[in-house]
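As structure tokens, here come the structures.
Next, two complexes with chain A in common: one pairs it with chain B, the other with chain C.
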Partner chain A sequence: MKRIFFVLTALLVTFSMLLTACQQQTTEPDEPQQQATEEVVSEEPSSKEVAVIIGFTSSLTGSQEVSSKRQVNGFTHWMNQVNESGGVTLSDGTVVKFDYKTYDDESNAERVQELYTRLITEDNADFLISPYSSGLTSAASIVAEQNGKVMITAGAADDDAYKTGNTSLFQLYTPGSLYMASTVDMLVDLDPEAKIALVHESDKFSTGVAEGIKPYLEANGFEIVLEEGYASDTADFGPIVNKIAGSGATVLLGGGHYNDGTALARALYERKIGLKFVYLLVAPADTKFPELGDAALGVATSSQWELAATHTEEEANNLGVEWFGPTGEDFATSYEAAYGDPPTYHVAGGYTAGLVLQKAIIDADSVDPEAVKAALNAMNLFTFYGGIQFDTSEEAHGLQLAHKMVVAQWQKTETGELKRVIIAPADVATADPVYPIPAP
Partner chain B sequence: MQQINLLLTSLPDGILLGFVYGLAAMGLTLIWGVMNVINLSHGPIIALGMFGTFFIFIRMGINPYIGLLFIAILGLIMGVFIYFVAVHRVINAPHLSSLLATFSVNMIIIGLGTAALTTSPYNVDFNVGSFRLGSTTILGTRLVAAVIAILFTGGLYIFLYRTRPGKFIRAVTNNRAAAELMGIPSTRILALSFGLGTMLAAVSGALIATFFPFNILSGGGYELKSFVIGVLGGLGNPIGALVGGLILGVLEGIIPAFMETSWVPVIEFGLFVVILLVRPQGIFGAKK
Partner chain C sequence: MKNLRIHLGLLAPLLVVTAMILWPIITGNVSSREIVFTILKAIALASSLNILLGYTGYVSFGHIVFYGFGGYVGLYFVNEQGWSIWLGMLVGGIAAGMLAFLLGKAILRLRGAYFALATIGINEAMKAFINNFELFGGPIGMTINFSVYRDYGGAAQALSMSFYIMAVLTFTALIASHLVRLSKFGLGLQAIRENEDAAEVMGVVAPNAKTWAYVLSAIIPGMVGVLFFFKNGNVEPHVAFPLHSSIELLVMVMLGGQGTVLGPVLGALAYQGMRGYLVTSNFFKDIQLSVSGVLLLLIVLFIPAGAIGWLRHRVPVLRRVLA
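Now for the complex of A and B:
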């Protein structure tokens, strides 16, 4: 009896944990971080003030926590700056101010759908910002599209969501299929004989990036000697690292997000398998990555934005494209003053999501969703974050066309401190790539 | 040939990790064996052990292996505390009551842990070197962890079979009513057993933290493995738990040599079901 009970319970726990892994619980939403503010009373009776509510979920817990919080910080920083400077004034004198409504999505796609429905139907959000990560954004985008709400997708690079006939999504990140392109271009110059291991998290974004770069690798004559996915919650990368070593690979391209990326970087360092170059998605772009110590040395990543390679008004003028918003230096200084931490590209993405929405409202001279959508479709803009232009074709509406990525690598300064430097493309590089990575 | 090489490379890793899995499972199976309580706070306790290493090493600068002593003592005290607060009142109630009681403790620890420590990953940048053994690299942290797991297992065995309190635990395990008639203070022995089980979980977590990043939710996976190991090795059998841990560790080492790593949980839990069907008492049988 005792044993049967134990066994039944063990099975129940196993089943429930599997369910948890697949969909997580659907509990009642947390209290919102900030309630929608009341409409601001105008000082001048002749002008009208409206509060535009922007809805989004943030991953306060779960696997996307680190990057999601940074994205939200970036967005709220933009909102605070705009509101403090008096909001956006339309031609009829209406002053538009911004507020937001958000809930913790627990990094859980099921919860994202539930919460975005709530944001639209109960909280009456006027516009939406995506959650962080392609998987969560994919879930949210369905709800946004069904309700015809404009959604600026910030931390979501996967291409697929824009190829399903959506008309309300607008992507800020460089599409996943192009994520590693600059890195491959760099490898063509550095080591055209490199043997590639593509080892990535088995989620939507990372798989999309890996699948997207394969044709480009092959077109450039690289041999892919290992291709393997791993579960998002993998902690022991020992067997995978052994597999990379056994494949004869000299370069690793892969990773996924922060948690798995740090674990993989550490396992690679500890096992000293002699890779010449290691590129991981997302994790090395975070300012916490150097907590790995020497395991961070030499690890490279693609970055949507780096202060050292920030885009400038001069660049916009040379391209003949309109410039909008603060300089990269002003953005970084004000953010660091407010949050005490230098901004990562996740922060820049969150900030730019607000900035793009602000510009669309200015261009539309209205907060009407259809007018704003039309302004977004027509947008061709340059900010400190880079180019912003959306695909307006039926095949890939909303896909980002103008934004370009840089390749960053953790290197040691003369004083022995780890610093992330830009190594490609060559025209914006601040340092030469460390290739091959010195043996630990 | 390449797969054989990969197998030989990954096998030592799996074996070393298996000892630590076994130590974690021993805590779960000890509590079940003595008092018929399925401790669902096992996972968060493992996670707290991980954070113990983090704070002792990163914040206080104390060697993690010396810190293990503090973590073991704190684990023991915490286990006794949890027993008296959450388990003792329902020890004779239907099993569901104790299950829910420990589940509540689980939720409390995770809730407090999430609030205080977030779910961001923590990393203990600790290294005791490594050496080559043929084509494989043996990591010092895993080797030391395996040795410590074996020492704890040996210590537990000696405690249970060579000391008076240990014999009391075995007596209570066999027949609580008869033990009480013989003058054994069963409440204190049950609290001690719960404390020991919790201590083993905390120590295993402390060891795991020396080689894997973690957060407050990381214990869940090891709790699940502990259930599988418990069934493999035999419920209530500490030595069986260690061997069960080894089996699981070896599986995790060799499966990736032949197929994608995503097949590891499929095979592990497939084996779990097979053992339940073919030999539900576990490979080594339950020990009274």
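Now for the complex of A and C:
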């Protein structure tokens, strides 16, 4: 009897693993993965040509899969463009071309240090890009630090990941604590009496964002009537929506990632609790979000970058900051031609990670890691993605200082189609905010 | 001579683990060191689980709770209170052992599938508790400041030192497993595994024996948790209590052969070695989870007693050394 129990348990365990594996693998990539590695390697390098290898792990499977894949696509798009245009030429005539090496980290902390050590010692990566999440980045940054490698972070928004005494991290995204700042500024003008419900996924990123904005909300005189975290795998938001309804909140700020964000938006729409404004992290920034139909209407989010509010050279000139790279329109057109989808901010982040590294190599006139690190520390730049300047203090080295987020909202066009428009800050807004959201 | 024969079963596991530890030291390859660290961690955890699963016959689907809880407690004292990693590991191990003692008193009266289900619940309940426990950072967890590593000579030395500490923990887990197996206490556990009612009739105080087996199987995972989070630089609830890791540990023990000292070593080595190869293989890396799933299904179907059980059955002369 016991033997049968063991065999059945073993079969159950194995079957569940197989099922998990199959489930994760059946999700086809959204865009074609361009294997530029093969293309670059096959070219015979000239005597003055060096191939710089950029190493990173990406979450091809696991909870961060969608955002991480988009980021990788953005990065490879940058690399293909630079290599096809002849690479970066240094003052001594050396032509720098780029190659990359990547592994799947499964959104799992266990192997991150192993994989980054392999990238550095076996694959000879010259520069690193971080994993997508803050937790994985903290683990990888230790390996980067001990090997003196520069690590550009795209996706690791949590402030704490930079407050470790590191010298090698350089963050592209707006820090998590400032994610909702533009939204709060907008609410000050729209409805200073709004009662706020902070309802967020109980994970490092979303909790960091919610905790980070609380002092700013309170400083602006808003009353927080509900603070609630929910588990990452929550699918039934009925009880949480009931709590929001019972709290007397008029504005919801929160969310987490794609799956929970869409489920929460759907539950709010179905329960019709009459919120005036709904802001969710991450999910509404995805191009798949309007698949929710009317449940997507009026839902807002912060975005690191939007094509409609892309930054321009004129903006850079007005600020007296150097401009670098393609225009937002050129980037979006070329990306859509290559991948068939319009770029999201994750794509733009991946592309800009490469762009910033390219500019640092140009400024340093070298691929030496220390020279590139010094160039990054001194960088004050404007690209289509926005401002780039890093904190160089010991307390929070690498934290992004110059990049500002925009607030985007799903609204209906005259033809009844859902479209994401920019509603704040006012100087880049393309539409007025829908406030309050019309009752379903 | 008689003592040597008794301890012959420990020789093979020690040799396998020693060879693994020497590999990165001799080659000086840091990447290999990281690979071996992951394997050693798996061996230490699987060998600890084997005390409960292999000797006592109780399937725990939530054994990773001790790794997570011990790790959290130890890291809190290391990162927030400035304690050394040594004291942190000691506290982490004790905390995990105490948790196991309390849980054991409550759930070890359950048998078979009921016990297995209860262990899943405990892991999830602990994750939810830590997620709401502000002292440990709640959902944000704890991030180590690099200044903590300065006491050990910097990040590079701290990571290198972690490897050697993991080696010691692995040896400790193997020796503990071996000593339990040979002891009167271990015989009691094996009697419980074969027939708990009969064991009680023969004088084994089953509730106590099971509880102490549970405590013993929890201490090393608690210490491993502290060390891993120290090396990893941060801890979050979902990283500390991954249910899938509990299932992987079960697979490792069953793959190598439950109730033996060498079995979990071979199981962990094979499983982690296979995953490590697949995840970095250019050909397999995009389908590595599917491939490992199919391989495991085949192994469990055709060698249900694990590698050691199969070898002992087929080659009787190896029975003395393959313990």
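Note that in this section the second predicted complex is superposed on the first by the 393 of 440 C-alpha atoms of A that agree within 3 Å, B and C clash if a C-alpha of one lies under 4 Å from a C-alpha of the other, contacts with A are read in each partner's own complex, and residues count from 1 in each chain.
Criterion: a contact is a pair of C-beta atoms (placed from the backbone, for glycine too) under 8 Å apart; a residue touches a chain by one contact, two chains touch by 3 or more.
In this text the structure is predicted, and so the values were computed from the model without any measurement.
Q: Touch test for A:His403: chain B only (first), chain C only (second), both, or neither?
A: Once the two structures are laid over each other on A, A:His403 reaches no partner at all.
Q: Touching A:Glu291, do we find chain B (first), chain C (second), both, or neither?
A: The answer is first: A:Glu291 touches chain B but not chain C.
Q: Looking only at chain A, is it chain B or chain C that touches more of its residues?
A: Between chain B and chain C, the winner on chain A residue contacts is C.
Q: Does the superposition put A:Glu211 against chain B (first), chain C (second), both, or neither?
A: Once the two structures are laid over each other on A, A:Glu211 reaches chain C alone.
Q: State whether A:Lys276 touches chain B only (first), chain C only (second), both chains, or neither.
A: neither
Q: Kindly classify A:Ser202 by the partners it touches after superposition: chain B alone (first), chain C alone (second), both, or neither?
A: A:Ser202: touches chain B and chain C.
Q: Would you check which partner chain A:Tyr258 touches, where first means chain B only, second means chain C only, and both and neither mean what they say?
A: A:Tyr258 sits against chain B, while chain C stays out of touch.
Q: According to the stated criteria, A:Glu228 is in contact with first (chain B), second (chain C), both, or neither; which is it?
A: Touch partner of A:Glu228: chain B, not chain C.
Q: Which partner does A:Ala245 contact after superposing on A: first (chain B), second (chain C), both, neither?
A: The answer is first: A:Ala245 touches chain B but not chain C.
Q: A:Gly165 contacts which: chain B (first), chain C (second), both, neither?
A: Second partner only.
Q: Where on chain A do the contacts from chain B and from chain C line up?
A: 2, 5-7, 9-11, 13-14, 17, 61, 202, 229, 231
Q: Which residues of chain C touch chain A once you look at their complex with the stated criterion?
A: My answer: residues 29-31, 33-35, 37-38, 57, 59, 112-113, 116, 128, 131-132, 138-141, 143-147, 149, 154-156, 159, 193-194, 231-234, 236-239, 242, 244-245, 247-248, 250-251, 254, 258, 276, 279-280, 285-290, 292-294, 296-297, 300-301, 304.
Q: Can you list the chain A residues touching chain C in their complex?
A: 2, 5-7, 9-11, 13-18, 20-22, 24-25, 60-61, 103-104, 106, 108-115, 117-118, 121-122, 135, 138-139, 141-143, 145-147, 158, 160-161, 163-166, 202-204, 206-208, 211, 229, 231-232
Q: State the interface residues of chain B toward chain A in the complex, per the touch definition above.
A: 2, 5-6, 9-10, 13-14, 17, 32, 36, 38, 40, 95, 99, 114, 118-121, 123, 125, 127, 130, 136-137, 139, 211-215, 218, 220-221, 223-224, 227-228, 230-231, 235, 252-253, 255-257, 260-262, 265, 269, 272, 276, 280-281, 286
Q: Inside the complex, what are the residues of chain A that reach chain B?
A: Checking each residue of chain A against chain B gives 2-3, 5-7, 9-11, 13-14, 17, 61-63, 65-66, 202, 228-231, 233-236, 238-240, 242-243, 245-246, 258-259, 262-263, 266, 270-272, 288, 291-293, 295.
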